[in-house]
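Below are two complexes that have chain A in common, paired first with chain B and then with chain C.
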Partner chain A sequence: MAQRTPRMSNLHITRRIKYQNELDLGFGKVMTSIPGAEDLLRCIQCGTCSSTCPLSIYMDHTPRKIIAMTRAGFKDEVLSSATIWLCASCYSCTVDCPKKIKITDVMYALKRKAIEEKVWPRGLPIPVLAKEFFASVLRTGRANEGRTVAKVWLKTRPLKLLANMGLGLRLMARGRMSMKSERMTGSVDQLRKILDSVHNSDTGHSPG
Partner chain B sequence: MIMHRKSPEDQPRIGVYVCHCGVNIAAKVDVEHVRDFAASLPGVVVSRDYKFACSDPGQELIQKDIREHDLNRIVVASCSPQLHERTFRRTCADAGLSPFFFQMANIREHVSWVTVDPGAATTKARALVAAAVRRVARAEALALRQVPVRPEVLVVGGGIAGIHSALTLANAGKKVFLVEREPTIGGHMAQLDKTFPTMDCSACILTPKMSDVKNHPNITMWTYSEVDEVSGFTGNFKVKVRRKARYIKEELCVGCGDCVDACVMKKEKVQVPDEFNVGLSKRKAVYMPFPQATPACMVIDPKQCLQLMKGKCAQTCVDACERAAVDFDQTDEIVEIDVGAIVMATGFRPFDAKRIPEYGYGRFDHVYTTLEVERLVNASGPTGGEVVLRDGTVPKTVGVIHCVGSRDRRHNAYCSKVCCMAALKMAHLVKERTGAEVFDFYVDMRTPSKGYEEFYDQVLSEGVQFIRGRVAEVTDWAMTPEEEGKLVIRVEDTLIGVARRVPVDMVILAVGLEPQVDTAEMQRRFNISCSQEGFFLERHPKLAPVSTFTDGIFLAGACQGPKDIPEVVAQAGAAAAEALALVDRGHVDIEPNTAWIEEEACSGCKTCIPLCPFNAITRDEEKAIAVVNDAMCKGCGTCVAACPSGAAQQNMFTDEQIYEEIEGVLAYV
Partner chain C sequence: MKYLYYPGCSLKGSGRSYEESLLASFKKLGVEMHELPDWNCCGATAYMAVDEMKAFALAARNLALAERYGDGEPVTLVAPCNACYLALMKVQKYMAEYDEVGRTISDALASADLSYRGGVRVRQSLDVLLNDVGLDLLAEKINHPLGQWKVACYYGCQAVRPFAPFDDEYNPMSMDHLMRSIGAEPVDWPLKARCCGGTLTGTIPTVGLRLSYIILREAIDRGANVVATACPLCQFNLECYQSQMGREYGEDLDMPIVYYSQLLGQALGIDDRSLGLQRHFVPLTAAAAVG
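For the complex of A and B:
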């Protein structure tokens, strides 16, 4: 295989240093005060989470590094990272963590924070999915799969909705998906109350 | 005494056993070839190779041969005599053969482990076996000597190691001399505030043991004293102790402190840095190191006292002392004692952080060592336990730096073992006392003892910021407005993968442990060895960790290597037990390797007399010849080598034996 001679223009030389005033120690403190995430402080940076994670090979920062950066206050890097959105909630890291840190829950907390701070990557369907899913539950007490999927595609990649139309129709034909709006029996109010109290709890974190 | 079945006049009938040592020897040395070669040597009756000669069946094989083949000399070619000479001597003795008709050839440490080429290894093994065979043929029947042992023990050093050793021995009913060079016992532990990982107050657990030492009827405690000279040998050491003049009569002083109040050095600028507070406070010429000092007795520093330096002072201390304890005429006193065993517990010194100029110690006021911060956080320390910096402010951000002087080939290559935990303790205490944001810079976190990892976990959960990376520099050169007026710690955060600059108000350097400054001198005085890094060397790193290569001298505590308090106490107990095993038995067996003088050959030149390190040679004025005192001779061979007329000879090392051994090495290669 012919080796291409490296060119100066291919060398991306950038200044990389972190001054303490660029960091937000408060961010680390807030994140570690979230219920379930306190144990983040106990992390010994062993990297088990990163090695067991089936998706870490696609991540810009491994889960271990996300924890280190969260603790150290690297707020911008953490919240703009693809890592938190790539997490598939398989819970391997949580199961394997020797310090019993609920890493998947931490990832969720970081996702919520990113949404709250409006820094999630635009065009990424996952945050939209989370929002639509929650909105559906709040409205009807049920997750309406067909409608949620349609809305997510519509809001993120409308063309993709067309491309997937065939698949959608086939699923509907076999009763695997429905566009019918389902509602929970009884009043949705009780569920809303529960969710509201979570929303207004002193953690101050919106569930969606 | 052992009965010899064979008379030495018999013709040598030698048995040779070439050991495989599993594959340790056999993988490199052609043992079958060496066995066949040995069989061809003059006097060899039996020659065998065996998988493990030291095993029970191996030893039984040798004994069976002694009986069946009427062997009167044995050679085992195996490991170092250090390891198994005793084993095989016993094998011979049990079969009725004098243990001194046994000779060992070391073909493991000297051959198979250090030789690359199998051919060369086999050749060298042949030569060593031939040397042993020729030498053992000239062996003489000798018997072990038994020498009585004195029951007293000397403990050198009054830190926690010496204290624990002394108490253990004294509780066993032995008389103990505890010699400490400082004016008080207690050592470094007395300076500590809390002890990890349980955070017991250091003074609370130490001071009761200090008073136990002082009040124990079996302990003679000599502080402000040093060992000047050691002679003799195991079981019978003669020690000269210098009791330095403290210019205070110890038997009269009650430590009331009236003399200190009266001392004319009232102004702080004429006072001197207080050693106990690591220079964070000042003291006068007359002082007591700390309130719980043991003995509770003042001392006058002859290098500061005006009366002692210039002979001119109002002597207000003399007037102030109701008990008339001040005595400017005191002089050093030399006391001679006889002891059966010696426990070395001379401790360590902290690494001098000034040797790493990039960390700014001594240059920046707000860079401290862990020992200094111990005094700062201590309630009886110079600030009454308040963590305040030299400018009177309370730090809001603190950086703790690990591995200062350790794991660094430019200073000490070894890990000092205690500093990670000391640093964690500091991080915890400083955060607790000040609420400061604490950054902890570590290279590897080493917390391997009981409850230690749990302590690390606790400090982690307290929110101390841990940054993995060795700090390059502590600087006051600000690069951002936020860094102005701060000390900036430059480090690579190796876990995040970015260079960082962390501005802090206070830096704590977790300094390592080093051998005492005068270790080399001590080594000579006590005739013990030091390992490469300068700590006293144990006889075997695993199996004789508190013994030295000098019989009767044992090691306790950090003088043997960095150790934390639990380990020091465990080792001090072990050293006391070993010393007890020696002095309690009442006698020692000594190798019959003493020198003697052939009267006819001695010209009476006296060359040997001053050379003998054990003063074992005297001159018989009547016969005008030298005489060796058998009981004092340690078998060093100095006189033998020095004698110009060849009159000095040594058992087990006669000229004949040595020449035969040399011939053996050379004749077959």
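For the complex of A and C:
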């Protein structure tokens, strides 16, 4: 983080640039080694991604800026940015990028890195959602949306669970949600074996 | 015509009426759909964010099962859910494009005595309806044309992006043609493949609701009296959060949000219950057609 100079009466003076030795110069290299993110270095900073992104109006750094910051080594700023969590995977940037950079994949890679480094914004339930989702898949081979979401809210925002009880009950009454999970017809063991094998082949791209 | 069918988790849950109406319609059209035995979750969006390789492995097991099912014959796997469709397409492409993905996933499959050699063609159900069944056969089979509906055809993102093998990335037309063939009138609107907010409605609700509302508002402004979707998450967001959107933006919203397959099924003379229409919150009634 840029350093704040000592307070002089009401004048707050903050250094607006970072010196090279404050950057993580290897960060860009790490990110470009990930499948789909290898073309990051070809970005021409045209801003097409930022203009086509339906979420950029909510972002603290636009996608264009995230790419520039990533390859320049602004690791902390990028990983703690709300931008990567606002990406809803609509792939508009990916299909519009004139340099054919798979920007949605870059956003996924940054999300994984942020989870790995435990720097996601506080209160954001996405990592908990992903964990519960995985637990459900490991148990039955399939995802139970309603049950997973209910568990996430219970763990992160119990009040929200209460607020959405009505919706849950209405869905259940219409046969669109059940606490009983659908299961694979065969044994889940085969699936677990496959996931274990991925886990053990250390690709360097997954937090484990 | 005979296909393997990959329902995915949503079509057994909140999107149950998508499966009901699609299978009933295909049956009426003489198309055989066989559910892929022992399929598992596709890995979809939520999981990509935690562990990409494991997400790929989940999707790849389904492709391996489908290939084995084909027993040497070419196999087409139909995935009606956009997220499943994308996840299956993506692992297929990345296994071929990236050595590391191909190697890791092949090894993982091998550990469970499975293999995948790239012999499965993954397709969205709209693609099959338009390009295999075809508009001519549809015109022949339609016996209850639905002239009362002005339909906003809402494809969502992942049916056409980033891979668009059967339609345009921003202005897809297959559902529009389908709706015309059943006598309904597709409205001209620019948000056919714009993001509904996806899982943001649950994780960052203020943002997610706004994105869904933008879709709904535009559909209303363009004169639609029903929105037809191709994705269970789009359908869920636009319908199940509609009352919340109404409160948030101070409007009375009562737009029916259905699957294209439910309208198709009605036009084929299938009863509402078999199409799962009773499962929806905003009923698809003639009253809506007048307003």
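In the analysis below, the second predicted complex is superposed on the first by the 185 of 208 C-alpha atoms of A that agree within 3 Å, B and C clash if a C-alpha of one lies under 4 Å from a C-alpha of the other, contacts with A are read in each partner's own complex, and residues count from 1 in each chain.
The criterion applied here is as follows: a contact is a pair of C-beta atoms (placed from the backbone, for glycine too) under 8 Å apart; a residue touches a chain by one contact, two chains touch by 3 or more.
This structure is a prediction, so every number in the text was calculated from the model and none was measured.
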{"item": "Clash-or-fit label for the pair chain B, chain C on chain A", "value": "fit"}
{"item": "Which of chain B and chain C A:19 touches, first, second, both or neither", "value": "first"}
{"item": "Partner, of chain C and chain B, that touches more residues belonging to chain A", "value": "C"}
{"item": "Touched partner set for A:161, first chain B, second chain C, both or neither", "value": "neither"}
{"item": "Partner chain(s) touched by A:119 [first = chain B, second = chain C, both, neither]", "value": "neither"}
{"item": "First, second, both or neither for A:44, with chain B first and chain C second", "value": "first"}
{"item": "Partner chain in contact with A:172 - chain B first, chain C second, else both or neither", "value": "neither"}
{"item": "First (chain B), second (chain C), both or neither touched by A:143", "value": "second"}
{"item": "Partner chain in contact with A:71 - chain B first, chain C second, else both or neither", "value": "first"}
{"item": "Closest Cα approach, chain C to chain B, once both complexes are overlaid on chain A (Å)", "value": "17"}
{"item": "Chain B/chain C common contact set on chain A", "value": "none"}
{"item": "Residues of chain B defined as touching chain A within the complex", "value": "437, 445, 456-457, 460-463, 465, 467-468, 479-480, 482-483, 493, 495-503"}
{"item": "Chain C to chain A touching residues, read off their complex", "value": "9-10, 12-17, 37-41, 44-54, 57-58, 61, 94, 97-98, 100-101, 104-105, 107-109, 111-112, 114, 157-158, 161-162, 164, 169, 194-195, 197-200, 202-204, 207, 211, 240, 278-281"}
{"item": "Residues of chain A touching chain B in the complex", "value": "16-21, 25, 29, 32, 38-39, 41-45, 64-65, 68-69, 71-72, 74, 99"}
{"item": "In the complex with chain C, residue positions of chain A that touch it", "value": "35-36, 54-55, 58, 85-86, 88-92, 94-95, 102, 104, 108-109, 111-112, 115, 124-127, 129-131, 133-134, 137, 141-146, 149, 152, 167, 170-171, 174-178, 182, 184-186, 190-191, 193-199, 201, 203, 205-208"}
